[in-house]
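There are structures below to look over.
Shared between the two complexes below is subunit A, which pairs with subunit B and subunit C, respectively.
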Partner chain A sequence: MKQKIIIISALALLLLLIIFMVKDFFFNNPGNTNPYQFELDNIRKGDSAKAVFAETQQIKTSLEEIHGIATDTSGKIYVSGKDSVAIFDAKGKTVNKFRIAGTAQCIAVSENGKIFLGIQDHIEIWNNRGEQLAKWASLGTDAVLTSIAVKGENIFIADAGQKVVYRCHIKGYLLGKIGLKDPATGVPGFIIPSPYFDLGISKDGNLWVVNPGRHSFEKYKFNGTLLSSWGKASMATEGFCGCCNPSNFAFINDSLFVTSEKAIERVKIYSADGTFLCVVATPDQFESGTKGLDLAVDKQNRILVLDPVKKMIRIFEPKK
Partner chain B sequence: MKKTLALVFLVFLFTIQFMNSYGIQRFPKPEFESGYVQPETLLPNPRAEVLAILDIAVLIISLSVVSWLVIKKRNRNGVFWMSLFALAYFGFYREGCVCAIGSIQNVTLAIFDKSYLIPISAIIFFVAPLVYTLFFGRTFCAAVCPFGAMQDLVAFSPQKLGSRLNAVLGVIPYIYLGLAVIYAATGTDFIICRYDPFVGIWRFNASFGIFVFGGILLVIGIFIARPYCRFLCPYGVLLNWASRFSRKHITITPAECIQCRLCENSCPYDAIDIPVTTKNPESKGTMARKLIFITFLIPVLMLAGGWVGSKLNEPLASANAKVRLAKQILNPVTEKNQAETFEIQAFKSAGKQQRQAFAEASEVLHKFYIGSWILGGFIGLVFGSLIAGRMITKHQTDYTPNKGTCFSCVRCVDYCPVKLPLITK
Partner chain C sequence: MQNRRDFLNLLCRGTILTGLAATTGVLAYRSVKGGNCDLGTSCNNCKKSESCDLPEAALFRQTVWQLDPTKCIQCGRCAENCVMSPSAVKVTHVYAMCGYCDLCGGYLKPDTKNISTAAENQLCPTSAIKRKFVEDPFYQYTIDEPLCIGCAKCVKGCGAFGNGSLQLQIRHDRCVNCNECSIARNCPSDAFKRVPANKPYLLQGIEAKPEEKNKV
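== the complex of A and B ==
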């Protein structure tokens, strides 16, 4: 009896192996799968549980393309894009919309309400009535301006094409270059594989620049002295994924960082020292392949995410 | 002692393997907190020509030594140690390639595809064991084939299957051989290599699926000795045929069988033919009727098999990349977020026309149509022969190894009380 059981079990296993061979050979179609595909599905799923924000409002922009978002002290929302700039109030009602020549990849609004636009290789200054106040000279044929920050008389411009940050006077003349590789001062240089290169000025008056190829934030004095940096490359939620992330950031509660990434489209919050705090928006909330989720925070501490695929401003607030 | 040695070796081997099978081919690469730097991928250098000659020399010497140990010395210990050597050299050192079993495909492809240049080592690995088998029986299986050696190590508790079960399961290698030939001849795939259960283990890089496949086969091998050799190995079919005509084959007794029956259960592979003596021999009329029936049955089965095979030519051909591509172009089935399959993308980027893809697929289908007829006919012949074998009663008076299925492992010899020195005295 025991011998029979052993033989039957062994033969069943043998049959199983043959079934495995037949199934694997005839019914596993390798043509439909790319063996080298970067499989992100599991990583995407992991983010959802950590989301503590909810999407509370969406504002359609009616622009053909949208690239940059900013807010002012009164709570207005500014969106720049192809040939146009649109201004909304906090509830999403259009306040003004005016035409510009070219595509404004980035936008900033000064304390006195001037609108700074980065259009390919140069800066233009407009007021909120749609009048051009100034147009600066080109920063070079290779310039690709991706971010602007204004503080007092200083304007900082991120140039992804030439991998440098310009510090300019508000009147338009150059005060210095920040972030050029310099082993003597420990400046590592910016690694920018794709045209996503953001910067911002923190409440304590320091310049923060994303070094996307290093998956890090670098803190500089206005004179270009590197003070510190933080960041971690990781596919996990706690880090920054892919070749070059984060793509954009903004400050919330004065010192916390709101970050956005491409490849795994997610928005997260970090403390000032780079400790991961929480997830704002998860990959499943965006179309796969969405890039350039520009960020802004309004005076109500709402997080404004510019979704260039859906062409809308998506507003996130803490879950109640 | 041998069993303990084998057990320790296998536990060690599988412990390493189990870790390896989880630790390879991960994409994206794992991230480490410790600062560990990922090593660069190393590509093996092509095997030096002199080493290929060494392999051939080792094969020939091994075949000669084992044949001498089996036929002349009748020495089980020698055969056992030679099998360990084969496992070490052809298995772990040579990493199982080119092996005689897989060389069937190289030879087939060389016959059907003139652009394929077959390595001389592949030809010799295919021919040499067959030639030795024609002279000395399956001494290659005894202790030169690393597949056999690997399974022999785990045959701790072999059970008898009975002749009927052995005969039915014994058909599988013929089907496997037929499929391997058809897929190699059409340039579709080398299925023997694809489902090689042990090469991944010898190379310490088995994928998890194949590691489990090989592991299960070894577990089966504890109770059903050499399951791959007996019920899967396609090269075993050729060796079986060759061995039936072998000039000198191992015998259980060196002299006359004394019918002591001590060897009756000695063979773990059920390869001993026991004496068959019938009290009432069949009449000539019955025998003639059986003969007529078999003569009629075999062609019918071959034709039926061929016809069924020809109907299966499209499913069989679906494994061919050209046929699969043409099917995908006709019926695009895509994954989520994917506009078209990976294969169609590659085809388009090569700048080829759809018409060309269909023409190539049609040519392959035609080859499969002919191949399927032959394959079906071959399987019909195998079944016909099996039925004929069961119908015809073979009369024999002594315990003898079955020349087709005996692996010449020399185990049975030790059970025989008739020893050669006594006879010579």
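== the complex of A and C ==
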């Protein structure tokens, strides 16, 4: 009897040992206990509680690469990309599509309907029928044109490569350079660690330029006088994250700023003095690693976000 | 030669003898020169590859382990799986790519409230990254290598929020070049490979300036 108990106990112990070994061999995942694992998923979730906008429409562009978006006064949407420009109506129907030579990184449409394209180092002007009206000379071998704004006879061109904003006449000649570092006038100089450098003209007729390395917006007169700036570097929703943000912006309701960021892909709205107002789109609405979410606002005050990864225009409107 | 049958008989025997002689010669050569090499086993898995005299083993010894930053997923296992303590894998700063950012994703925790050098704001668990003001708004980040344990937290942060100038590399002043690298065995992304000993680093982003690779 005693011997039987010993044998049963030994077998039970052996069974336990086998179970332990099998678990150790096959079910122990060292990744689960890695003390140095650094998870960024929580950051990418974003603050959806502050999102007061909802995505209401998506427009597929059918372009190979998309980089720039603009709207005109009639509500048409213009998208520039690799070798092509596409024009859509407000409902997303293709109005026209024409081929260009090269990749248009940025696009702007003047009040009289002329299309301005920034293609690597030079500007080209087209009409909406796909006819080239002008091609300007190169702005330098190091030029990387990333944004254009048109106001009357003034054209402002952001050059991320040479870290300067050019003010040109609509006929193509240079009127001046804006943003070059000058301690005497308090201009800090643009810091552009990556090729995202946006500008725009506000309703009150001033030039706003992103200084991405300083995580700030700078307000200039057309003659280059620095008037003011705002911005705060922070990973929190209220600030601009990463090395250099915001990557793009647009104006809504005349004076509010719609901004987009890379690294933490999010779209937000700020007041004219830089007070954070609300979230338009949270990081989980974009593919991880999406960069260059160019923005535009149409005449219905819808926010158009160009998603270069999904190759579509994503339209956001206030939640009802 | 009496007839055709005798001729064929002699030819077959001659062929068999030649084959046997050749096989014996090869085995004798390997026995004397190369030890007991297991045919069909690569030097990578052979325990005698460090002392073997075979030409392929000599070639194998002229290569070293290195981590390919393009494949690295910053899982953190390099810190724990190396036979050396701390790990022979350390972060390397490619200054040519660095943005010298104030809000550095490789230096600061993502949820930090203030941008400062306070320990609670630092992402590195051993404070191996030093931050130094250069000029407004630039900061230089240097690696205190003896403190670095190769956990890759900073690499992930820099890649996610910056230009990816922080990259993991096996430092050959520490690596003992094991036949079977224990980190490579546990690497989930197969980022470890043998590279020529005269080009032992695989840094990304400085291809245009090869002289910088030699400074590492």
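One rule holds in what follows: the second predicted complex is superposed on the first by the 279 of 320 C-alpha atoms of A that agree within 3 Å, B and C clash if a C-alpha of one lies under 4 Å from a C-alpha of the other, contacts with A are read in each partner's own complex, and residues count from 1 in each chain.
We adopt the following convention: contacts are C-beta pairs under 8 Å (C-beta built on N, C-alpha and C of every residue); 3 or more make two chains touch, one makes a residue touch a chain.
Everything numeric here is computed off the predicted structure, so don't read it as measured data.
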| query | Who does A:V95 touch here: subunit B (first), subunit C (second), both, or neither? | reply | neither
| said: Just checking: does A:G242 make contact with subunit B only, subunit C only, both, or neither of them? Give me first, second, both or neither. | reply: second
| Taking the superposition as given, does A:A134 touch the first partner, subunit B, the second, subunit C, both, or neither? | neither
| Contacts of A:S234 with subunit B and subunit C, given as first, second, both or neither | both
| Who does A:Q3 touch here: subunit B (first), subunit C (second), both, or neither? | first
| Now for A:V52: first (subunit B), second (subunit C), both, or neither, which partner does it touch? | neither
| message | Quick one: is A:F20 in contact with subunit B, with subunit C, with both, or with neither? Answer first, second, both or neither. | response | first
| message | Once chain A of both complexes is superposed, is A:L11 in touch with subunit B (first), subunit C (second), both, or neither? | response | first
| query | Of the partners subunit B and subunit C, which touch A:R214 in the superposed model: first, second, both, neither? | reply | second
| remark: subunit B and subunit C footprints on subunit A meet at residues 31, 34, 36, 38, 233-236
| remark: Note: in the complex, subunit A contacts subunit C through residues 30-31, 34-38, 40, 43, 188, 191, 193-194, 213-215, 233-236, 241-244, 263-264
| request: State the interface residues of subunit A toward subunit B in the complex, per the touch definition above. | output: 3, 6-7, 9-11, 13-14, 16-18, 20-21, 24-26, 29, 31-34, 36, 38-39, 233-236, 288
| remark: Residue set of subunit C touching subunit A in the complex reads 74-77, 79-80, 99, 101-105, 110-112, 115, 123, 125, 136-138, 149, 151-153, 156-157, 160-163, 186, 188
| field | Touching residues on subunit B, where the partner in the complex is subunit A | value | 27-28, 31, 157, 159, 161, 165, 169, 172, 189, 191, 194-195, 209, 213, 216-217, 219-220, 223-224, 227, 231, 315, 318-319, 321, 324-325, 328, 333-335, 337, 341-343
